[in-house]
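Next come two complexes built around subunit A: one with subunit B, the other with subunit C.
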Partner chain A sequence: MVYENSRGIRGWWEIKGKNFEKLLFILHRLSGVVVGLYFILHIFETSTILNGEEDWKSLMEFLKNPFAHTGLLIVAFLSVFHALNGIRLIFAEQGLLIGKMRRQGYPIVSFSLTGIQRKMGWFVILLTFILALYAFYHLFIVSLGVRF
Partner chain B sequence: MNLKFRILRYDPEEKRRYNQEYAVPFRKNMTILDALLYIKENLDHSLSFRYACQAGLCGSCGMIINGKENLACQTKIEEVGKIIELKPLHNFPVIKDLVVDFEAMFAKHSSIRPYIWREQEKFDSEYLQTPEELERFIMVASCINCGLCYSSCPVTGTDKLYLGPHALAQCYRYIMDTRDKDKKKRLDIIDSPHGIWRCHFAGECSEVCPKGVDPAYSIQQLKGFALLRRNELKRISVAPLKKEKRKFE
Partner chain C sequence: MRESTFVLIQYLSGLFVLVFGALHFASLTFLGVKNLNEALEYQNVLTRYKQIFWLSILGILMIAVTSHTFVGFRSILIEIKQGKKWELFVTLFAIIAGGIIILSGFRTILLAFLR
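This part shows the complex of A and B:
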């Protein structure tokens, strides 16, 4: 009697000791789910305008608080990451920017994990943080008037 | 100095999984396989694991060593520390202790037809190929079928029908081989939701490959062929190198 040793969905979230692309893989899935859920909420949110201007304005006032804006900041961070990493994947999954076939020699290094796509991955993270900082500026300093 | 080995065992008769610990005396340049052989000879004859060449060529001794897929014969104790956790490979049914059943992986490998495929066989002489043509797939041809990529792939764990990095990389190997002729048929096999499109480029397969076969590279190239670069396949199948370079003709 054999034992089925499948990791199942658990394997998607294992990060300890894994490569950088796995981290991006996890973040891409996570950001996709979160942004997808946000879109559903966003439809409900914007549909209040159908009830008239008063309803819309009161909802906007209700949502103008640090908790809601923290949520928006997380959504902004994840959606920017998802979009930029998506561009990296479009190239990588066409077989572009992942190096060129060559004979392996010691020490063995998988060049698809060391090519331009990996640099792009780091650039995606950097750009995401910069744009999230911009979102923070608008959500907290401009909109809520937070002063440090 | 004693090393502490914690091995995840499976007893098929009692259907029981349990951890068992062993203390193994350290020896310089000792590999995980050396330690397992020491346990088998001196501490516990019932421990089961698979091995053959002890030189990283047969691909028999793949296992999870401290959370990462590796070959036991190629992993030195010095690289992993004094406490060593061993588990059987993921995504394979466990037969006993560290021995897993490769049948599903090999069935998927068979499904991509891992052999030179031509309409008319040539029996009077060998198929010729230039060194440059060989370089196009030599990296993937180094595969030793150890199953580490199949175990590490997060997608294989959730989709049993997914062909897996091993079979797809081998498909790429035959597509890039100029002696193999019908590239379109090969692409039709893998151009499916459970084929190349199930791969999401997590790159774990390439990370753990002991031979640098880089399955992630091969699968992304196959996606490129399937989507936008089908014309490239035509050039490969008619041996595109210039005539003057093919000196043997």
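This part shows the complex of A and C:
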């Protein structure tokens, strides 16, 4: 049986007039896809260790540059966001910390995700930036020796 | 398999990734090493593959990330299109592709351990 009215991934991009949680939803999906694809590459990348020291060193030298490390920084940022937002989603899906139900009245606004949940959303973003700064420190300042 | 089972796998694998992924990042930056450059030196990487503790962490992390990734991809693909045949195809794709990734990862872990 084929169900009608499926917007599929096109529905991800319909953000006009949508709430903060919809934005977090899109970021969660995008970060999941990017990190998932990186993980598949990472499995094959690490298998180079079996080819011996020369091949491993060549690969590490090849990947030790600002472009590759920018890619790693993006992956680190998206991984942290996905992990922290995933915890928020588990709470939301279990009906935890979502605020009290209220009678709807004009103007109609969504009360479904209020209370601590929305604050958690902002906390997720803040913590993601802080941990991404830590990743930046290791990838650029320590590993590449970038000085400001 | 019921849809709720996939959701449960997604939750549990996500929590495993969180814990073991954090350990993996720690092992690349400060846990037992000075920095990322030292952690990625050939001998250090190989040494870690030879320690049962780190070997287990990498194995568990790989299974958890693969499960989480492919259950996630499956959900997205089912959002694109619905129908029993499509859902069966997508589920089989997720299992086979995930299986290939896990086998490839285990091949690396096992052969590096035996080196």
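By definition in this document, the second predicted complex is superposed on the first by the 132 of 148 C-alpha atoms of A that agree within 3 Å, B and C clash if a C-alpha of one lies under 4 Å from a C-alpha of the other, contacts with A are read in each partner's own complex, and residues count from 1 in each chain.
Operating definition for what follows: contacts are C-beta pairs under 8 Å (C-beta built on N, C-alpha and C of every residue); 3 or more make two chains touch, one makes a residue touch a chain.
Given the structure is predicted, the values throughout are model-derived calculations rather than measurements.
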Looking at the overlay, does A:9 come into contact with subunit B only (first), subunit C only (second), both, or neither?
both
Mind working out whether A:102 is in touch with subunit B, subunit C, both or neither, as first, second, both or neither?
first
On the A-aligned overlay, A:67 touches which partner chain: subunit B = first, subunit C = second, or both, or neither?
neither
Looking at A:148 after the superposition, I want to know if it touches subunit B, subunit C, both of them or none. Which is it: first, second, both, neither?
neither
Touching both subunit C and subunit B, counted on subunit A across the two superposed complexes
1-3, 6, 8-9, 11
Subunit A residues touching subunit C - in the complex, by the definition given at the top:
1-3, 6, 8-9, 11, 29, 32-33, 35-36, 39-40, 43-44, 46-47, 49-50, 53, 56-57, 60, 79, 83, 86-87, 90, 138-139, 142-143
Taking the touch rule as given, give the residues of subunit C at its contact with subunit A in the complex, in rising order.
11, 14, 17-18, 21, 28-29, 35-37, 40, 42, 45-46, 49, 62, 65-66, 69, 72-73, 76, 79-84, 101, 104-105, 107-108, 111-112, 115
Would you pull the subunit A residues touching subunit B in the complex into a rising list?
1-12, 14, 16-22, 25, 28, 89, 92-96, 98-99, 101-104, 108-113
Of all residues in subunit B, those that touch subunit A in their complex
10, 12-13, 15, 17, 66-68, 88-95, 100-101, 135-139, 142, 153-154, 157-158, 160, 176, 200-204, 206-207, 209-214, 216-217, 220-225, 227-229
